[in-house]
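The next part holds the structures, each set out as structure tokens.
There are two complexes below, and they share chain A, which is joined by chain B in the first and by chain C in the second.
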Partner chain A sequence: MNNKIPNFVKTNQFGLLILVIVFICIFSFSTDGFTSRFNIYALSRVVALDIMIGLAMMVVILTGGLNLSLGALGVSAAMFGGWCMESMGIPISLTIILVLAFGSFLGWINGFVTVRTGVHSFIVTLATMSIYFGFMTLLTEAEAFRKLPEAFTDFGSLKLFNKYISPLLIISVLTCFVLYYIFKYTDIGRKLIAAGANPDAAELSGISVDRMFIYCHMLSGFLAALAGIMLTARIGAAIPSMAGHLGFDWLLPAFLAPVLGGTLLSGGKVTVFGTMLGAILVTLINNGLYLIDVGEFWVRFFLGIILLGAVLLDRAREYFTVKNSIVS
Partner chain B sequence: MSDYILELNNITKNFPGVKALDNANFKLKKKSIHALLGENGAGKSTLIKIITGVYNQNEGKLFLNNQEKSFSSPNEAMNAGISVVHQERNLIRRFSVGENLMLTNLPKNNLGLIDYNTVAKESKKWLDIMELDIDPNTIVSDLTVAKMQLCEIAKALSLESKILLLDEPTSSLSPQDTKNLFALLKRLVAEQDVSIVFVSHKLEEVFEICDEVTVLRDGKNACESEQITNLNRQKLVKLMIGRDEQIIKSKKDIDFTDENLLDLQSINTDLGHKNINLNLKKGEILGLYGLVGAGRTELIKCVLGLDKINSGQILLNNKEIKIKSPKDALEKYKIGYISEDRKKEGLILMHDVLSNAGITVWSNLKKILSFLNDRIVYNKVDPYVKQLEVKTPSYQQIVSNLSGGNQQKISVAKWLASGTDILFIDEPTVGIDIKTKSYLHELIIELSLKGTSIILITSDMPEMISLADRIITMKDFKVVGETINNHSYEEMSSSIMRNIHE
Partner chain C sequence: MSALLKKDWFGLGLVLIFGSILISLFKPAFISPFNLYVLMLSVSLMLVVAMSQMIIIAIGQMNLSVGAIGGLVAISFTGLMEVYSMSILPAVLIGLLIGLACGFINGYITVKTGISAFIITLATLYIFKGMNLGITEAQPFYEIPEAVKFFGNAKIFGPIPYLVIIPIIITVLMWILMNRTSLGRYMLAYGNNVQSSELIGISSTKIVIYAHVVSGLLAAIGGMLVVCRLQLGTPNIGDSWLLPSFAAPVIGGAILAGGKVDVIATAFGVILVSIISQALVIFKIDPFFVQIFLGFMILLAVFINRYREYREERRTKVFSDE
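Here is the complex of A and B:
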């Protein structure tokens, strides 16, 4: 009957793409300056971060879990990077490697404790969120690192493509491609998804589920640390409160992007490009509402409503079984 | 026709892609014990679920006491006097017997609090009717399995049930408990005006206790309310499976004096296995028989490293091995396990055919930097999926959309693809159609002829006697007997039952 309609049209991502276009149209007509070079550049800097945060949450949602420590972890890694560069004088490239390793290590702690105790990652990461953030505040005495190397902060304010796009966005999009490749074309990616979909069946099929879950948490830590570095470059300083208290400011976009994108909360299905589109949609709405000048509280109100809607969508998806491919 | 307390006429029930019931009839006489028989997938459980209001039929009518009824929930059926006693216990284990019995209608005192004296008194009444010597204040988890079963029947009686559906009530009972249960059932029918629907795989029991038999096959009546006196075992089996009972004899001679391929020596486990000794020869099908709860699946899971082995050793080719996980078993020792529960443990239902069939071989197929694409996996698993004649529109089909038989074939295919030397096969034919079943039987024999060594767990006695070369009987987490199979049903089944009940 409907095999003339290309499969892509029936996917969740296509719906998202339409929504993104609709919102772009609405905001272009209803606000001044939405399409201005300045605003698009600002958008690209924000969306880059939202994508990265969304991906960091997505890889843990894949296991059927959550990573509430995402923001605290990202900021801790960023502060560690600031300390490396400012206090220790470690070169930028080495610092980035150290920060990513540090983020992966914090993610490993999340994963290890989750797997070993069998407690839901919701509880584990709720605890580590507090621990990471508390420890970080203690060590830095809540002081920021503001004297970062110029080469580093310049990168954050670099403007590409006729000064429309931030290089940070390119990093995020590249990360999407790498993750897509991992999930679609590698043995390990397939195993991560299988373990998330049905741990018992995966274990009995010869997959070490515990190890896969730990990998997911490490990947989450890695991506959160990368987001932390990107935010530091964007602001030009590493500030303890840059993701809000306990990193709360990251949580809403972190959930919204993957859930809007079509990642199943019960695990076993990832949508890398869906998450990207989800992040773009969230950033657009956020930005557009500010331009319309509805006020901070209304923005939060709308984002909350969208999250609830997205969760309902997630339920519906589970009912009408997942007919799309596992990785998209 | 006031003879019948319950009457189902021309019931049809469709599920997506399957006709579970096709014009089926079922008539239950007042004060009778009626056997409802049929193979797995024949439609028994669907019929029971229609009677108890879990499902609604697409066509056909249900009469209770000659009045047309249609139940929209199990609760309605229960209020109309129909109760099911399930295979799985439906008692709340941490509550007392009395609380469980009175649960739906707990007596309250003036303050609105539960009146425990009345609870005890009321429930005692029902226990007395059943001549059960149980204190209503006993906590359910302290009772034996048999007592729990009886409590459940008491609970059904306390709801003033006139129709009792017993689903495999004896599967975990000892012969003595079974005898007591049957005496009780006969008394209930005679004294309490109760009618009973009896579902069991044990044909001996049907002949012992039932008055009439209805057999379902592929959703249709193979016979309807036949007097038990007109039937014998052969006739009944023929009605159930549609042909004479065939015992496929595997034509091979295992030399039982050969070296052991796999050898379990005095294994004690965390789960309670005591001093398990068993060995497996190359190319042998070793059967593990036992009642539900005998610890067979659990033993296999301990061997696979999922639960702890406290003492004893496992030898493979006379070398001691330590299996830490199923991954270890597969990759280091080429041992695989086909789970009894394909939906929960065998397959990833939400994923497609290709990733389910290929999951065991990904590790072997990966290229540099762990690269792996669908084409590589497809080339590897396609021959096995074809060999098993899996019916699927494509490899991208989500497995949950396939029929039970095809799902089972996929969970077998992935282990064929993995090329293991030893396969543990757990209840391979539960809930699948007869054709696939005999197909899988042939496949298992063929596998063993090609040199794969198999440990087969099945609770299906004919299946066990068709396939196994040697049968180990387990009971209460212990090995209680070992018999070389001579493929004669009568001899083997009585010898196995003797092992279990002594």
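Here is the complex of A and C:
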């Protein structure tokens, strides 16, 4: 058991990596255009957003909770950004700071109410989802902001590395590294994980669990707002319906990525790069399903099957790992 | 009297009565026959949906796929009648069977894998909704038999629609199930504490599967009732059920951790949500406010429940000191 290689092989990430490679092989052989420059660029833009959304959900799952308001929060923040830039003429850099602060504030509300009432965050964020989205539609009158500064929208359609990769993906990957660093090497990151893993033990060792949980929700709001800005840059406009009704379109990728990546729903375990791989896998499959031409209406069906298959596989892997370790 | 005060539904009932009187004093249109008719229709439909979620909350889980099951059954029901020109009764039976099967799948996978019902029903949500879209290609079915249309729109007498019959029967049955049968009590015991319920010999497998099957059946009935009401089967039936399905039981004092639900209070929760939505429309308030309001209602209910729990805890503490 001291051997390092088998340990890595047993991890969830390794399985995911294999799956990603397998799917890339399948799709590049079975479809035309999967490896085309256009498709890879399109993939990179989508994957960037899915990673960010997945991370935003991951940091709340860390507490053993959920954030259903993710999509509503992200869109609200993005609309706030659109308003700042278009109606108020605030410069881009300041707008981004304001939007991130706004997202963190909305996340703080989620965290504060959850901690103070002791109610599961599912029900709290179910309520705030409706509240955020309602206020956003009311204030914007469901109108989009389409006259954003060119420098901002140009960034969203920029193509890097021989026109293969969108800069949005670089932001997401950088965020992954930052989060990894925070959770692995900083005091606050370790405290967050400790609070999620065993609140009672953390409380006894002098960590303010309530505060840690609020931080997690704020971080989630921050990342969701960042995802909102990225989506705005990608589309070139801030549209109230860009994440679907109540922001529901974000929920499936938000749960798929961390769950596939091996984040425990009971809290206390995060896998930043697992989430990244999970998001990549989901985007790949989604894209591949369209290219294979299963019909756009069946894509959702297959995504559901894949989520189900993934959690079942993970359960089986866990089961065998436990059995093997008992035997040896 | 003090025993009454402790009931979940008592406070809600008072709020309902005084609220309705207050609203009708300001706007007499609120108690016009037409308005009452519309109110009863919306209450009937949401009642079934709320019960479908409530039984899963009772065992301490959640069912995100309630709306997806309702939608799938709705389009199957209308599709069977339109495309295969089936008569109503077998179409209803097949609809119920689909609901039962969907619920069974949810329950079976949840209990056999031990994975959180949240994730399982999120996956099945997409599967059921995907099947719905795959079959219909997002096109509604319009050809509904006259009898179904009649059932959805006719009135028994005064403003009372035929549509309320089934939801009332369901509510009564659910009350009997949760309060007077061992199965219902076992479900609450399971929701309260899985380990101890297993120790006293309750089969987890049975309880979880039964709860999900009932939930699936109720979602199926909800879907078919919406078809009667709308007089067509659109693929987006059920899309907006998630929030109200949780709102009513939670307003009715249900604890999401499981083990405590109240059928009457849940029914009152449904009525309260419907009255408020209706009142906001009558007072010509922006429809988007209704959504915000619903959100605040849930938060308020959660705060009140928390406060009551806190008082309860303090009281029991005093007693144990004596």
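In this text, the second predicted complex is superposed on the first by the 304 of 328 C-alpha atoms of A that agree within 3 Å, B and C clash if a C-alpha of one lies under 4 Å from a C-alpha of the other, contacts with A are read in each partner's own complex, and residues count from 1 in each chain.
Assume a contact is a pair of C-beta atoms (placed from the backbone, for glycine too) under 8 Å apart; a residue touches a chain by one contact, two chains touch by 3 or more.
Predicted model only: the values in this text are computed from it and were never measured.
Participant: After the alignment on chain A, I want to confirm one thing: do chain B and chain C clash, or do they fit together?
Facilitator: With chain A aligned, chain B clears chain C, so fit.
Participant: Which partner does A:S87 reach: the first (chain B), the second (chain C), both, or neither?
Facilitator: After superposition on chain A, A:S87 lies in contact with neither partner.
Participant: For A:I188 in the superposed arrangement: first (chain B), second (chain C), both or neither?
Facilitator: After superposing on A, A:I188 lies in contact with chain B but is clear of chain C.
Participant: With the C-alpha centre of chain A at the apex, what angle separates the C-alpha centres of chain B and chain C, reported to the nearest 10°?
Facilitator: 70
Participant: Is A:S205 in contact with chain B, with chain C, with both, or with neither (first, second, both, neither)?
Facilitator: After superposition on chain A, A:S205 lies in contact with chain B alone.
Participant: For A:A197, using the defined touch cut-off, is the partner it touches chain B, chain C, both, or neither? Pick first, second, both or neither.
Facilitator: Once the two structures are laid over each other on A, A:A197 reaches chain B alone.
Participant: Let me test your reading of the model: by the given contact rule, A:S30 touches which partner, first (chain B), second (chain C), both or neither?
Facilitator: Touch partners of A:S30: none, neither chain B nor chain C.
Participant: Given the touch rule stated above, what does A:T137 touch, chain B (first), chain C (second), both, or neither?
Facilitator: The answer is second: A:T137 touches chain C but not chain B.
Participant: According to the contact criterion defined above, which of chain B and chain C contacts more residues of chain A?
Facilitator: The partner making contact with more of chain A's residues is C.
Participant: Once chain A of both complexes is superposed, is A:V119 in touch with chain B (first), chain C (second), both, or neither?
Facilitator: Only chain C; A:V119 stays clear of chain B.
Participant: Under the stated touch criterion, which partner chain does A:S241 make contact with: chain B (first), chain C (second), both, or neither?
Facilitator: A:S241 contacts neither chain B nor chain C.
Participant: Quick one: smallest Cα-Cα gap between chain B and chain C in the superposed arrangement, Å?
Facilitator: After superposing on chain A, chain B and chain C come no closer than 5 Å at C-alpha.
Participant: Which residues would you name on chain A as touching chain B in one complex and chain C in the other?
Facilitator: On chain A, the chain B and chain C contacts do not overlap at all.
Participant: Please name which positions on chain A make contact with chain B in the complex.
Facilitator: For chain A paired with chain B, touching residues are 184-191, 193-194, 197-198, 200-208, 268-269, 321-323, 325-326.
Participant: What does chain A use to touch chain C in their complex?
Facilitator: 66, 113, 117-120, 122-124, 126-131, 133-135, 137-138, 245-246, 251-252, 255, 259, 265-266, 295, 297-305, 307-308, 311-312, 315
Participant: Would you pull the chain C residues touching chain A in the complex into a rising list?
Facilitator: For chain C paired with chain A, touching residues are 62, 109, 113-116, 118-120, 122-131, 133-134, 136-138, 239-240, 242-243, 246, 250, 256-257, 286, 288-292, 294-296, 298-299, 302-303, 305-306.
Participant: Quick one: which bits of chain B touch chain A in the complex? Just the residue numbers, please.
Facilitator: 304, 306, 325-327, 329-331, 336-337, 339, 344-352, 355, 359-360, 362-363, 365-366, 369-373, 396, 398, 400-401, 414, 418
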